[in-house]
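Each of the next two complexes has chain A plus one more chain, namely chain B in the first and chain C in the second.
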Partner chain A sequence: MRLKNKSELLLETLKYVLAFTAVAVIGAALISFQGAAPGEAYAAILQGICGSASAIGNTIRWITPCIFTGIAATVAFRSGVMNLGIEGQLYVGAFAATLVGLYAELPGWLLPLACLLAGSLSGLLFALIPAVIKLVFRIDEMITTLMLNYVALWVTEYFTKIVKGASANNNSKAMATPVIQESAELTTLVPRTNASTGIFIALLLVAVVFVIYRFTKVGYEMKQVGENLRFARVGGVRTTRMFISIFLLSGFIAGLCGAVEILGVYGKFTPSFANNIGWDGIMISMIAKNSPVGVALASMLWGALKAGALQMERVTSTNRLTVELIQAMFVLFVTIDYRRLWGKWKDRQPRKRTAGKGKEGGIC
Partner chain B sequence: MDTILELRGVTKRFGSLVANREIDLTVKKGTIHAVVGENGAGKSTLMNIISGVHRLDDGEIFLEGKPVNFRSPTEASKAGIGMVHQEFMLFPELTILDNIMMGYERTGKLGLLDRRQVRAEVEELLRTYNFNIPLDELAREQPVAMLQQIEIVKILYRGANILIFDEPTSVLTPAGVEGLFRAMRFLVSKGKTILFITHKLKEVLQVADEITVLKEGAVVGHTTPAETSEEQMASMMVGRNVMLKANKLKKDRGRPILQVTDLQARNDNGIVKLKHVNLTVHAGEIVGIAGVAGSGQVELVQCLYGLRAPESGAILLDGDDITRASCREHRCKGIGLVPQDRMADGCNRAAPIWENCIMGYHIAHGFRSKWLIDRGEAETFAQRVVDEFSVKASSLNEPISSLSGGNVQKAIVGREFLQENKLLIMEDPTRGIDIGAIEFIWKKIEELAASGVAVLLVSQELNEVMEVSDRIEVIYDGQLYDGGLHGELTEAQIGLLMTGGVEDAAEK
Partner chain C sequence: MLNTLLGTVTLAATLRLATPLIFAAVGGCFGNRAGVFNIALESFMLTSAFFATYGTWLTANPYVGVLFGILAGVLCAALFGLFVFHLESDGMVVSIAMNLGAWGLTTLMMVALFGVRGSFMDERLVSLPALHFSILEPLGKVNGVLNDQNVLVYLAFVAVAVMWVVMYQTPFGLRLRGVGINARAAQTSGVNILAYKWVSTIITGVFCGVAGAVLPIGGTSVFAENMTAGRGFLAVAAILVGQGNPLLAAASCLLFAYASALSVGIQNLGIPSQLVETLPYVATILVLLIYGARNLKHVSKISR
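Presenting the complex of A and B:
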């Protein structure tokens, strides 16, 4: 039993190593195609990940939102709730946190706390909409959440204009809210970088979700609901309530992510600032096979690559999109079912006839 | 007669477990060959090897004298071997014709789909083999017996000469079984060969030409219906004599636990399925409900368990009104359910055995903490299920899908039996279970009732209802009729009630 798990673990690790190598090779080809030296580019990436204190800070900065959105996706997908609206919930949360950070007058640590709460609760409320639509009108949440992403994007942009006043420049790139009060910001971990204490909130979240799945009845039910809804219902799980709670939890985490981005990094709300971080979370939860600890690990890789890519773009002529392409390919390689593939390939091979019995079939 | 299929020394291992051990089997062309054996004896595994689902570790298979080695079900199907699995593999939203041709479409000019050609071929098949199937209706609207016929036609369409059925009769009503047997005999008369698995030995004697008995992965006997009897086969399978009789204990009938008054309910299509149902089950009493499938049993159980809201009427549990309570409240109040569809409602096949065993227990009974799952306690309980109901499992951490069909059923039954319920509702609790284990489960039901639990048994097996129940109710067209106490009415009398004989009698 244990042995089997060990070999399974080995196989899994091997898979990630292989995927990584394959992607590195393809990446090298892509980079040299753009006229840069792959070695140089990779060195730049590495430099960008951990070459200096500020590089490390930057890496931490990018790991943080990856963890949040990855967990938001994991919580939903593991229970079969297709919440594709993480991006939108994140915007709503970020905007709400900005408002509180701008206007609320609270002493000491109460202000950032209020901002975080405002962000996460708004994300939660925004996720309530598709949940209710699903329950009342039976419209698939995959569609509603997808559409509501646009709603969130445009509504927050609209409100940004209002906050800024009528004179706001119509160019949305330049448009942003004023900067939030300094006392609302999260403490910076590495000076002159955007690495903030948000990473601790993210890691705490990973721990909490891990404990929920591993040790609690709710976690047990969340898993069963995702794997066989009818079984869970007959077994006495309140499936409707579970569906709503999971939706809300996922939205809560996405909103929290938005708040942390504002309080820890940007300091003000700029429309469309998130740049698909919500979608990154969905990819990450896929790599991590919906395991919370896996999300933490995958986020480290993902965030590091993101940080490295920016550096690479700065020092070489390579486009940052190359790294995004590489990341996407990595997801592809990791989600392939190699065992199946191997089995298929093995089956194609002409089978050697074993003369007589008694010879132990070694493999399997 | 020619040998069409021959297995020599076929061995299949799952890890350290040997599911098939050096199996020799000879199947003659144009015969019905039955394979019987206890739960976990390796019947399904063997059939899966023949049909290319699993690959053998050792041994050889000869098809019409030539060695074969199928690497996938598709290859087996090309060679003329097709299997009807226990769980049907149909697309509910497609028409029957589309289901039949799925994956084996004929194409005409330009590679376009030629439905007309397919239809002609399928209709030809239907004519040849005497099937009556509405090809243009949706699969989802068909009753189980029809779905099974569709599966048969599907593999015939793929050109199967050897047809394998894994427990085909366990999902069918007696009438459906008759129909299936007629079809099987007809197929054989047209030169097809059939391998089939069942736990019902009467059926084996009725329909098989040859019988192979498996035990613990190995062949322990080969015989024919003329040479053997149910008793002899049973003792070959189980290794001891089995008397399929419930041993009735003396029980004290206690207070009424379940009281149903004037219950009325519709099914999903709005058809009234329960009409003024009145039913009482007392503590320490086993009430059996007999009836032809589709008479309202499903809706009754759904209402009783909070899966369907009744239109009117009341359901009381020990005096509490539970008419509109949720499943969870039912669990908490001490009602257990062994559902009919073990794979869809009874278990989560992706989850380990222990997770499957604590469902429900984690809400109503288990664990010191309100929030946490005590892994030790969970495993203790799961281990009890496995031990007390002799579930053949190598480890509690294995997924439940690695168990044989009957062992999954035993685990589900065990889980519900050990939860100290006030009322236990069971739908076909012994479906897919071998006769040794049926005897054992009947004994458990009796003991459970003797300990003061109210038991409601809904079963398609009239024999089971008549053997196990203290009191029998017959359901016909959504209404309950008194079927007397244990042994009061004969099988024929109850059979008459099941088909609405009472009304006729009343009219006359």
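Presenting the complex of A and C:
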């Protein structure tokens, strides 16, 4: 997202302000619909975001996975790789990290490092499946990743049951692996919260991706492939190799996210623990228009809202899913193409534009 | 084992489980053929499932429930169309936001209107009646599979036939396919592209509305949080496999439903339920692989 001039910056800011106001109003309606006072609920959200040290800790806790999945989505979508399987890759990564955290005997900082590596590499391997299917069979990665999400969900639950052994019953809500070794856990930043050093890994990741995109040839090629595939190919970019590396990188980051969630927050693997955080990443990436710094900023908003929503549910009678709904609406409002809309408004020609952009071509 | 694979119970369950998939896929074929990128079927279905529950609960009449479901499906489709066709949003973004939003919306409304979390059961939540054809009675196994299913199961197959005719035997269908194949050419020959995209999206909404209604009142009489559980995505996969042809898409739906139906039987054989649950999704991928096998000759070209 390069802003060319001042008026463009103004337009962008205006867009976010407008969208935010709109959802705040709709949100207020939703909250009063549930019999709570909107002012009170919003105050509770604010309090949940930064009202106390532990509130800030919880906000950091939620920002962390948002950044990871947001970057995982950005890396893929910016280059036209439609990886909708972040959720599944995250589960696989989380489970692998748990296994290493449970059974590996390594000294000192080697153990968490091994967990992180195991998580991210498993995410990478799980992303390899749809990538290969796309290359060999030419099947749209979008549909295979969607299906594999469910496969990952159930298979990790199955393995959880195995790890737990005979005592496991089939109730997935009660089922979880044992807690990982204490030396594997990431250091807690704010006492008595789940804010961990994972946030630094996340921020480092943002910085690395930013630098790659901004200053390196590889980054330039990655962007080029997404913006103008034919030009990139003619220009000598090895698009197939690019496709597979981007896919794997995206899976790697998703797996890393799973590992950090386990090491930094949960300490054990519970089936379907992630609750759509992978999909949140895709929405964040959309809001941020696939820019790494934008992802960091949008994640702050997203994570803060998540932390605030929990507090709101505790204090008022409002369901926290209200915030989920508000977030979805925010995405809808922000991703409206205002500039083109404005252009269409200005020169209302009889010729109608083809409605709907449709799917953009994949990169191979 | 054979009894599990081809037993009456399994086959009857296949038809029952295929019904929501078939409705959603047949409707989705129209959007697909008109070149509308839509993976929001999941949200259309979930919202419809909720409102079908609500309508049935209000009136204790499942047919009113189906109407409510259709209405909800159309409203979802209208929302989708508004954003994608008029506000210039990206179809994928709108889809994803709607899928997540529908989960929040239905759960919220469930708490607000029924006062429960998780799942909702009530004696006023009446399912659609099963139809009994006495003609089929002497046919033994066929009778067991086909007879005594609920109304929508039979209607699903009628819908496939009707919509196939609409798509391939009417001027409307021809123009609709034309819009998808080459929008500019269609426009040049006087087809109003936007109108066709809108109509196809609304058709998708109507059918997803019925598909959603099948879930709570097609026999189980229960509404559960996130009840669709990926069925909308399975329908999208079926559309893809069937290349937008209602007949082929419905055939894939039957296959996916068979995989789900098997999972009930296989579970009794001692195979872990979690692995069995993956069957429909794995089956989808396998079907896609078979469908994609014709692309294998390109493999040698993958060099760079």
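Keep this in mind: the second predicted complex is superposed on the first by the 337 of 364 C-alpha atoms of A that agree within 3 Å, B and C clash if a C-alpha of one lies under 4 Å from a C-alpha of the other, contacts with A are read in each partner's own complex, and residues count from 1 in each chain.
As a working rule, contacts are C-beta pairs under 8 Å (C-beta built on N, C-alpha and C of every residue); 3 or more make two chains touch, one makes a residue touch a chain.
The structure displayed is predicted, hence computed values, not measured ones.
Of the two partner chains, neither chain B nor chain C is touched by A:43.
In the superposition on chain A, A:336 makes contact with chain C only, while chain B stays out of contact range. Once the two complexes are overlaid on the shared chain, A:286 sits against chain C while remaining clear of chain B. Contact with chain C, but none with chain B, is seen for A:138 once the two complexes are overlaid on the shared chain.
Once chain A of one complex is fitted onto chain A of the other, the partner contacts of A:223 are limited to chain B, with no touch recorded for chain C. Contacts of A:238 after superposition: both chain B and chain C are touched. Between chain B and chain C, C touches the greater number of residues of chain A.
Touching of chain A by both chain B and chain C, each in its own complex, is seen for residues 238, 357, 359. Here chain A touches chain B in the complex through residues 1, 4, 215-221, 223-224, 227-228, 230-238, 347, 351, 357, 359, 361, 364, going by the rule given at the top.
Chain contact summary for the complex, chain C toward chain A: residues 35-37, 39, 83-94, 96-101, 103-105, 107-108, 111-112, 183-184, 187, 193-194, 197, 230, 233, 236-237, 240, 272-275, 277-278, 281-282, 284-285, 288-289, 291-293, 295-296, 298-299, 302-304.
Interface residues of chain B facing chain A in the complex, by the touch rule stated above, are 9, 13, 15, 57-59, 69, 71-72, 305, 307, 326-328, 330-332, 337, 339, 344-351, 355, 358-360, 362-364, 367, 371-373, 375, 395, 397.
By the touch criterion given at the top, residues 30, 33-34, 82, 84, 133, 135-140, 142-144, 146-151, 154-155, 157-158, 161, 170, 238-241, 276, 279-280, 282-283, 286, 319, 321-322, 324-325, 327-329, 331-332, 335-337, 340-341, 344, 352, 354-359 of chain A touch chain C in their complex.
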